[in-house]
Structures are given as C-alpha cells and as structure tokens.
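Labels run A, B, C, D, E and F following the written order; every chain starts at residue 1.
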C-alpha cells in the first residue's frame, strides 16, 4: 500500500462518461492541486469504430488533458454490466487502495440508453459501503478498511425525465471549460466530426444551463442524498460570490 | 367585432417576457403563416433606464422582428399585478375579441424574482375561463363567448426549483433562432451590452438544453395540464422526425 | 431474415398482460392497417386452472380477436423472471428479427403483485438497447442491428401509488372497445364468470377514466420518457379533435 | 343556538359540486344515520339554462335524494369567488352554528375550469381555523368557538395533473350508487340528456377506478394532510373487509 | 403444519433492524395480545465486535423484552444479500408456515448504508407473492398457499432523501417506549455506551417527530401502497382519539 | 438612514414563530457576532390569554435571550393577514432600512393552522423583490434600493404533508439549544406548563431529527430555491466536520 492516496475518485462505467459529465470538475480540482482519480468499470468496447487499444489511448489522452493523477480500467463487461458481488469487490478494492475523501458516480436510470449506467451506480454505492467494513480485508487484496465521507451523485441528463434527481450544488467550471471540451474531443474513435459538433453543442447547453442555476457561466451539477451541514451559514453564503450574481435574482 | 381572429395569443405580464421565453415559437408560427398575437398585461415600467414610450417602441420593434400580427398592452400596474376581477375582465375581453384557438402563458412561481409572473398566470387562467361563459357579455365590451380549446403553459426557468412544471412538448425553433435573439436585443433600454451578452448566453443554453430533450438544436418547452389525445399514435410518432434523431437514444 | 417487419411490438411478461393493458390500442392499430406483434416473455403457467397448451390457445384466440399479425412466446420462467443477459438476448433477437419502429412495455413496480412485471420492464429496456448495437450480431442469431426510434411505456394501474408514472398521451380506443373486452374474455382458464365480471368492471373504469383525461369515451394511457418534439404545434393541436371536446374544459 | 349540530359538513362553491364529487359518501353517511350538511358558497348562477330559483329547487331535490339533513347557500358571487375576510366570516359562522366533527372541501387548482374551486378551498380552510378562535365571537353572529377535529380533502379529478393530491382513503359507496347518479340527474337545468350521459359515464369511471384502488366496486377518494393515528393497527386492518378483497392483490 | 399461526411478521435483513425501526409497534402489538413474529434474513455478522453466537443471544434477549412470540434467522449472507429465487423461497416458506395476516418490511433504498436493506425489500415483496401461489407447494417444504392480505412498509429514515416514501399511518408507541429502547440496548456488541447514547437520541427524535405528525408522544410511521378502504369513515375518525389532539391543529 | 445594518433578518407573521422555528439559528448567529433582526408582521393578538402589551414584553424577553440586535413589529392584522401592496411596502421599507445580506421566512401552506403563515411568505417574497427596485424610493420612506442576495426558506413542519419543501442545509444549533428552549418558554401567555412541555417535546424531536439528517445533535433545516454555487467543492466538503460524522453513514 505504497500508493499515494487520491482526494477524489470518479467511478463510471465507460471511458468518456467522466469527461462528458464531470470533465470540468476534474480539470478544476486538478488545477486547484487535488489528486483526482478516474475509474472506468469497463473498457467501453466494442463500439462501431473503436478497439480496446485505441480506447485506452484516448482515455489516457483525455486524462492528461484534464490533469488526472491516476486512471484505471477494470475488466468488467461493457454493455453487460450487472450489480454482483465480484463487481462490488473489484471497485471496493480500488477504493481501499486509493482512500479518497470523496467518491463521485452517476445517478439515474437511463432506460433509453445503456443499462450499464444504473448498474454502475448500484455497484459503486455498494463498493463504497464495502470499503469501510472491518473483518473483510481478505476480500479486497488485504487492503484495510477506509471510510469515504462524502458521496456525490452526478445526475444523468439523459435519464428518463420521470426519474431525474434534483441537484444540490453546482461547481464552477468556467475557467477550465476548454479543457473539458478538448478531453471529450480526444475520443476520436467515438465521435466523428459531425457527431462531435452535435455532442459539444448539447453539452455546452447543459453546462451553461446548470451554471445559470447557480450564477456561473458554465457549471456541473451534483446531488448529495442528505442536507448540507453548516455551522456558520452566514459566513458560508457571504463567501459565495458567483461572478454573474446570486442565482435567479432579477435586478430590475 | 370586425377584427381578424388570431390563431394563438401569448399573454404575459411584461414586454420582453414573450420574446425571452417563447420568441422562437412566435417566429416559427408566424413563418408557418399563423396569425400570432402578443398581450402584455403591463407596460413594464418603471425600470432603471426605461420609459413607457421607449418600452413601447422596443416592444413594437421586437414584434416586427418576430412577425407578430397584433400586439397590445393593457394598463395594469407593473410590479404590482394582482389577480382581480378587473384584471380578469380586461384580459378576457381581449380573448373574446381575437378568438384564438390556443392561449399561452407562463407557469410557475418565481419567488426570487417578480411576483407579477405568477399573478399573471392566475389572471390568464381565469380570463380563459371567463372568455367562454355565456350571459356575461356586458362585462366584456359586448364581445360574445369564445371557447379556447388549448392552453399551453410555458414553464419558467427561473422558477423555484421545488415548484417546476414538467414539460410536455418542445417546439423546434432552430431555423428561426437568430430572430429570437434579435427580438430580445431590441430591448436596448433593458439590456446594455454586457447584460445582453450574459442573458443571451443563458437563453441559448436553456433553449439548446430543452431542444436536446426532443432531438432539436434549439427548442422551447411547453406543458399542457392533461394527456395528449391521439387517434393514430403510430402515424403521429412516425411523422416526428427530429433532425438529430429521436431524443435520448444512444446509437453506439 | 425473410420475415415481414412489424410496425409495433408489445412485449410483456404474461399472456393476457397485453390484452388487459393495451388491448384497445392493439385492435385500433390493427384496424388502421398496422402490423402489430405481441411478445410474451413467459407462457404464464402454472396458474390454478391453466396449462401451457390451454394458455397458448387462449393467447392465439385473443390475438385473432384483436387482429395481431404475429404472436410469440419465449420460454423464460413465469413467476421467476429476472433481468439477465440471456433474457435480454432472447428479447433483442426478436426485436432485430421483426424490426419495429415502436416498442411498448409495462412501466412500474408492482410490489403487491408479481415481481415479473418490473423485471420484464428491465429486460425489455435493455433488449431495445441491445437491438441497435453493432459488432454483436452473433449474440442475436446473426440478425443485424436495428434501432427502435420510440419506446412507449404503459404505466401499470396496480403499481404502488407512490411509484406511478405520469402519462404523456392517451389513445382513443372507443370504437374497438368491445374487441378488447372479448380478447380478455378469451382467457377462460384465468377468469371464471364472477372474476371476469369484476375484472371487466375495473378495466372499463380505468379506461374510461384515462379516456376522460383526454376527451375520449375509452382510452389507454402511455408515457414516453422525454418531451414530444413538434415542428408545427398549431397544426398538431388543431388536428386533435376528441369527440367529447378538449380535456378538462368546463363549458358552463 | 338551538339548531341541532351536524356530524359532517361538505362545503363547496357550487350546487352540484358536492353531488358530483361526494354524492355517494353523503348518501352513505345519511344511511348510516349521521346528520350531514351541505354548504354551497354561491348559488351557481348564471349558467346557460339555469336561474337562481330553478337551481335552488334542483339543489333541494338532490339533497332530498341523498338524505342531507340541512342544505344552505351563501350569497357569495359565482364565477368571481375570491378568498376574503368576508367570505371566511360567512363560512365560519355556519361552522360555528352547526358544529361538525368533520369538514369536507375540494382540493386542487383547476386552471382549465373555474377558478372558484381553489378559492373555495382557501376560504374553507381559513374558515375552519376561524371557527375555533376565541375572543372573536362578535365576527360570527355571537356563535361560540368550535374546533373541527378533522378536515377531509376531496381531490379534484379535473385538476391539472401536475398538481393532483394523493388520496388517503376511499369510502365504499357501492350500495348507494344509484342515489348518487339520481342526485346528479336532478340538475336538469345543467345537464341535458346527452351531456348527462357523458357526465355519468365519466363519473362512474372515476368512482369505479378509485374504488378499485381500495377493493370496492364504487368508491370516493379523500385525502387528509397528515398521517392516520392508530392505536391498534392490527384490529384496524383486520376489520377492513372490502368485498373484492384487499386492494391490488393478484390471486393467481 | 402444527405450528401456531402468527398475526404479524416483521421481516428485515439484520438483527436489530426490527428493534430500531419497529420496536415500539412490536411491543404494542404483543401487549394487545397479538402473536408477533420476527424474521431476520441474515445473522448480521460479521461486525467489528460481534459473533454469530453473541448476536443470536442479543436477538433473543431483544425479542424477550418486546414480547415477540417467535423469532427466526435465515442463513442468507449478511452484507451480500441479493434478490434471488432461493432467497424468495426461503422467506416464502416461513410465511406459508406461520400464515400471518400482515407482513411488514423496510421500504427505501439506502445508498449511503448497506445495500442489504433494499435487496431485503425486493425479496420480501416477492416472497409475499410466492406465498399465495398454487401448484408450487413443493418449492416451500410442502406448505400450502397462504394469502397475506396486508403489506406494511416501514419507510427507512436513512434512505436517500430523494427517494423517501410518504407515510400512511402512525402507530402510538408511547406507552411501550421504554421497552423499545431497552430492546435496542440489548445489542451490546453493536453499540458501546457512546454510540448507544447517540443512537437513542436520534431514534427518540425520529419517533417523537413521527408521533407529532399524528398527535402521539411517540409514534412509528408506516406506508401502504394503496388507499385505505373505509365503509364508515365518520365512525373511524370519531374513534381516533390521540391524547395530544388531532394532528397539526393549532388551538390558539 | 443612520441605523446600523443587519446581517440577517427573520421575517415571520407572529411573535414566537421565529423562536419556535429558527431560535437556535438566531442564537447561533448572534453568538458568532452577526447582527440579527426579527420582524413580526403582526402583534400576534388576540389570543386566549394574551394582550398586545404582554405579548410585546414576551417578544422582547425572547429577543434578549437569543441575542437579537433589533426586533420590530408591524401593525398588520393577526389572523387576517393577506398579501397586499400595503403589506409588501411595509416589509420592504424595513428591508431597505436595515439592508441585510440574508432574509429568512417560512415556506409552506399550513391549511390546518393559520392561513397567515403562507400569506406572510407571499408578502416577504414580494417585499424582497420590492427592496431592490429603483425609481420607487418614495414608496419606502425614501429608503434607497437594497438587493438581498440570499433568501432562506424555513420549511414549516406543520405544513400539509403533500406540500412540504425539501431542505437544502441544516444549521448546527447544538451548543445554543438551551437558549432556544428558554426563548420559547418566555411566551408565558401562550403556553401554560402542560402545553409548553408538549411543545418542547415536539420541537426537540423535530430539531434532533433534522440534525440527524446532517450529523448534528440538534439542527434547524432550511431550503434555498436554487443549487448551491461552489468554486472549490473539495475544500468545502472537507471543512464540513459534523461531530457525529457525515450524515447517514453506517460504520459497521
């Protein structure tokens, strides 16, 4: 266990999931000096124009652009991800090894897209629980227990509308926004020129709309499944200083 | 009652409300040949840099850009709009005179912004009901009853998140999008250059995000308070042909 | 792949599920000339008074009454249906073979009734995704990929009330309503006289109540997990002409 | 204060509102020997074919059919009902005079129909509060304070779907159902033959569908804004004995 | 099948789940003379300071304190509970053997805690369904079918807030409250002195807050997935007599 | 305008509303050195045992206990509060004079209690908007415009359950909890000994339950109608350090 710990781990099913949904936050945290890890539960293949090797190169390139400290891919099956004990063990072993304070995963069923997204949510939630359990180290490559204090959900924009999560907070990603777009563009095997243009149009819209909910030019939205504990709420709110002013206030 | 009837009326509290929320739909319907009316319940003044005369000119210019057939302003009080019998009569008289098939208004409380928005919703809903009532013509300048078959709500993006309406349908406004932006820019007394840039950034984001929910580049979202009645649902869905493909389908 | 394609496929766990929930829509679509398929994931047996042979005959008779073009039963286990890769493959192979534009399944957990309903929903959602995936044909009897543009959910009336789906549209089934009732009555092994009378009383009520939400005498309710994309919303709403008038409008 | 007290009061804006929404419950309670009162906040006129005199006769006839002990009409303005101190006083005076244990009113906004429904809800809620307040008797014709323990809401079926209330309990009205239909039919000035047929078709559907949620042939649905307090829940549930069996249980 | 039937069975994944969430109701029902059973799907071990033997002793002691008639532990795996046919059979066999009128289980996902809770809910729901099915006795140790009329859900307080269930009724546990606290304290291997103090502080708060929703000093909240069927609602509400008065009524 | 500005203003309809719902937060903020104001829209009288003079003394005593910097009572009518222009002006004048950064009010309809609560919410929301408007100073005693960046809602525990607001954050009030209880006890005219005991039992429960949602012994829950804007979310979450550990995490 000589590895250096990570501050935050983003765990999602496919290469490009983190970049598309949380790329701005990853770049922002790296810029602030935090050690950020990315865990892909599958290698994301097959796809129409990809291969495991090419996809791995693209993932590495995207990670480089965003400033990710460590990226790893598990060998769980793409398109066929299912919540299982083995999958939970694999993810939890990674969590015990790198001991983050914060864990991030997708939230929401995507019945019109891949069922992997929701299965990954179930696996990651269980793995976080497994990470802290005592008397079980033999299941996790002898890694000792580690409690992850905070779980952030990234609500899925393409989730069925009847199942969307509300968001709790928005991270300002305005000053790293070009990095996010470049990281997505690194997935050349996935997005040809026309497809990339459409995707970036859509992502820019989601991120600007979420940013607008909190007073930022571009923002990424997260949810926590509990209320935020504050001890000095006046200091907290006074320190918030979104460049476009507090959200949803009309000044006329 | 020699006035020509209108196909659709957009009734909202202030000049620029229709342009900001529904400007693309107005332009699209005008382009398709429909007669569209805009009713402002107030003249929108005072504002920091406006005057009733200037605001009226801006409203007229925006209407011209969008292709509005008829625009009218009632003399209800800006900032102090309250649901009342007099306000209901004033709006209903307009509805009886111009006899639209469809009526559009804002939906949602905006507790962080003007209380006028929600009061206007209440007034317009009641006016629609008053429009169809018999044995009451003397209250409405002798205009005879008129039933408006369809009410479309335009959910307010700045509404408190805990009170948002779900949308039912999205109108494709991609091919008239520049007109919408130009109509908003016509309100020079309201938006200086910096403010306009921020507002358009935000509106483009909302409209592209709502469009993405339905497969369009830019779209405006509406809600109806009932289920859509269909007699041949296969023909209906088969005819839908959003240029970016059906919504929320991943093709990899 | 010499089979003729189907326009719409209704995929549900048990014989009689389609008839009870969507029988009117099936009959209506068949009458309009569409090719409709019914896929039963299980043979529905054992039941107290049924057998696989009798149930298959009843299913065939119901299909004949409704005008179904093709009906097929998979050999997945009744009462013990679980989302699994094998079940997903079996359904997806059927979808690739018959290439529908529209796929219909149940939506909603039914914790007080059979767990099969929700498991079937999960299987069918995943199978729709599998249907369109490239480089996987060997899993699906060499059937090539097929993208199904539209997924309709049929919300389950007996779902736990805390988990009900809202509906998006209602199909007018008034003119084929007797066919629906006759198709249900074909399941003689399932419903004795007293039980049938109660069931039809209840179904008539649900269908008339759902119809009332949209202005029809009898209607069946469906949900889509996205907003409806419209390019000419005025033409669309003007063409809607429910015989009992637009929904929820009082004319006094 | 020589009037005899009432057990339950149904307070709604128009004659026929109680009959259409709660007629079965009224008849059922009267049959059980309870003293039931009906309070109409307005006389319901004008309508296309009605007059105050005719409407009053119809109201009396409907009350007779249902077994109502006392019916009264306030002179608040139909179509123009607004929550106001005067309206609250008028209703509260009635409540203090007749001292019911239970008060019933409509719940839900009906933006596509009369705004009176929601205004009546606001008035009745406030009147219930006013009824119990001390040191205010002079406002209420010197009637002393009276606390009404229970408020039942009757969710409005035609409410905007996005604003519907969930129900808490369903009252079995199967054995008095013909009385309900007859009471509605008493409003000859409101419903000609064709209109009556359509209305009864729809009401039968709503009541049978609501009944089905609780195991009754016909039922009327109510909501309370709190949880039900029980001291012996086993006895309570064991005594429930809906003739069609417990709700939503499949017996195959 | 010489065992004596049980009136109510509480089925949850771990020893101490029933005591913490429903201990007051168990004690109350036992005091009223009902036969109450507790089914633990797992033995709850390993935990940091427990062992199967110690945990079983604590469970027995807690059951004694509450007056439980029968307690049983299945050998399903703690921390690794998954909905499966075998788990369903095991629970359903117990239900067929002891034939309760009412079955109680937890409701709600607990993504920040053990995934066992939600898996147990799925298993118990399916087991209740399996319990009543004919022609399947061989799967259940030859126990004949048994229909359980009522399913009560106990909403989980630590569930993600975005997924909480609403409650339907609250059971008054004020007069047995010390028994509940003592039963929890029996789990000495799980809660040292400091941890126990914190836990009891929290549980007292939840139970007093839920009690307040229904007029009790301490109460436990339950949900049913349907509306409550009532035949004489006036008698029912009149008999409710919470010692602190009807819920949420201000008497000033 | 020589008055000293306030950091936070709590604006509610009656004396004792602030103490009961937010008393811990007020005491906590005062202890942290913030200047806190309390605005009562009415004097709260008549009540059974109160008088305007006694109530004012109690309010002053409670304010002293909590460390309030300034308390003021408007002369709007208790029990008869209605959203109106005059009420909005009165509150907005106070806001312009004392220029807080944060404004707090109740949120939620309380149909089983006083209608004043919701009317006060409407008045305060509008007054906040009026506070920032230019060219209107003459309406507000010549006080210049003032924009209040943040609005905190305090969800009402006695609100109808179907209308509750979700909370966003919880303020730790553990170390000032006795002050809160003492401030409530100062209202001797409102709560005799028995009533006070019951009230404090209930309030302790609500506050401990809300605290438990965020890891505090006692907490008060607030909602904001937007997402929280964060620029360094890792630093923010890392600094959160609730003494009972992060919320809803099980450590076994």
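Following the convention adopted for this analysis, a residue touches a chain if its C-beta (ideal position, glycine included) is under 8 Å from a C-beta of that chain, and two chains touch if they have at least 3 such contacts.
A quick note: this is a predicted structure, and the numbers were derived from the prediction, not measured.
A.B. asks: Compute the shortest path length in steps from chain C to chain F over the network of touching chains.
C.D. replies: The fewest touching-chain steps linking chain C to chain F number 2.
A.B. asks: If every step must land on a chain the current one touches, say how few steps get you from chain A to chain E.
C.D. replies: 1
A.B. asks: Would you kindly state whether over half or under half of the residue numbers at the chain B/chain F interface are used by both copies, giving same or different?
C.D. replies: Comparing the two copies, chain B and chain F contact each other through largely different residue numbers, since under half are shared.
A.B. asks: If you tally the C-beta contacts for B-C and for E-F, which one comes out higher?
C.D. replies: B-C
A.B. asks: Pick from A-F, B-C or C-E: which pair repeats the contacts of A-E, with over half of them the same residue pairs?
C.D. replies: Matching more than half of the contact pairs of A-E: C-E.
A.B. asks: How big is the rotation relating chain C to chain E when the fit is done on Cα atoms? Please round to the nearest 5 degrees.
C.D. replies: Superposing the C-alpha atoms of chain C on chain E needs a rotation of 120 degrees.
A.B. asks: In whole angstrom, how far does the Cα centroid of chain D sit from the Cα centroid of chain F?
C.D. replies: So the centroids are 36 Å from each other.
A.B. asks: Mind checking the centre-to-centre distance between chain A and chain D? Centres are C-alpha means, answer in whole Å.
C.D. replies: The mean C-alpha positions of chain A and chain D differ by 52 Å.
A.B. asks: Can you list the residues of chain D that touch 2 or more other chains?
C.D. replies: 47-48, 112-114, 129, 133, 160-161, 166, 213, 225-227, 247-250, 252
A.B. asks: Please give all chain pairs that are in touch with each other.
C.D. replies: Contact pairs between chains: A-B, A-C, A-E, A-F, B-C, B-D, B-F, C-D, C-E, D-E, D-F, E-F.
A.B. asks: Show which residues of chain B lie in contact with chain A when the two form their complex.
C.D. replies: 47-48, 110, 112-114, 157-158, 160-161, 166, 190, 198, 201-202, 204-209, 211-213, 217, 244, 247-250, 252
A.B. asks: Within their complex, state which residues of chain C touch chain A.
C.D. replies: 83, 85, 122, 125-126, 128-130, 133-136, 151, 165-166, 223, 225-227
A.B. asks: Considering the complex alone, what residue numbers of chain F touch chain D?
C.D. replies: 46-48, 79-80, 82, 111-115, 160-163
A.B. asks: With touch defined as at the start, can you tell me which chain A residues reach chain F in the complex?
C.D. replies: Touching chain F from chain A are residues 7-8, 25, 29, 32, 34, 101-102, 129, 132-133, 147, 149-150, 152, 166-172, 210, 213-216, 219, 221-222, 225-235, 237-238, 240, 242, 245-252.
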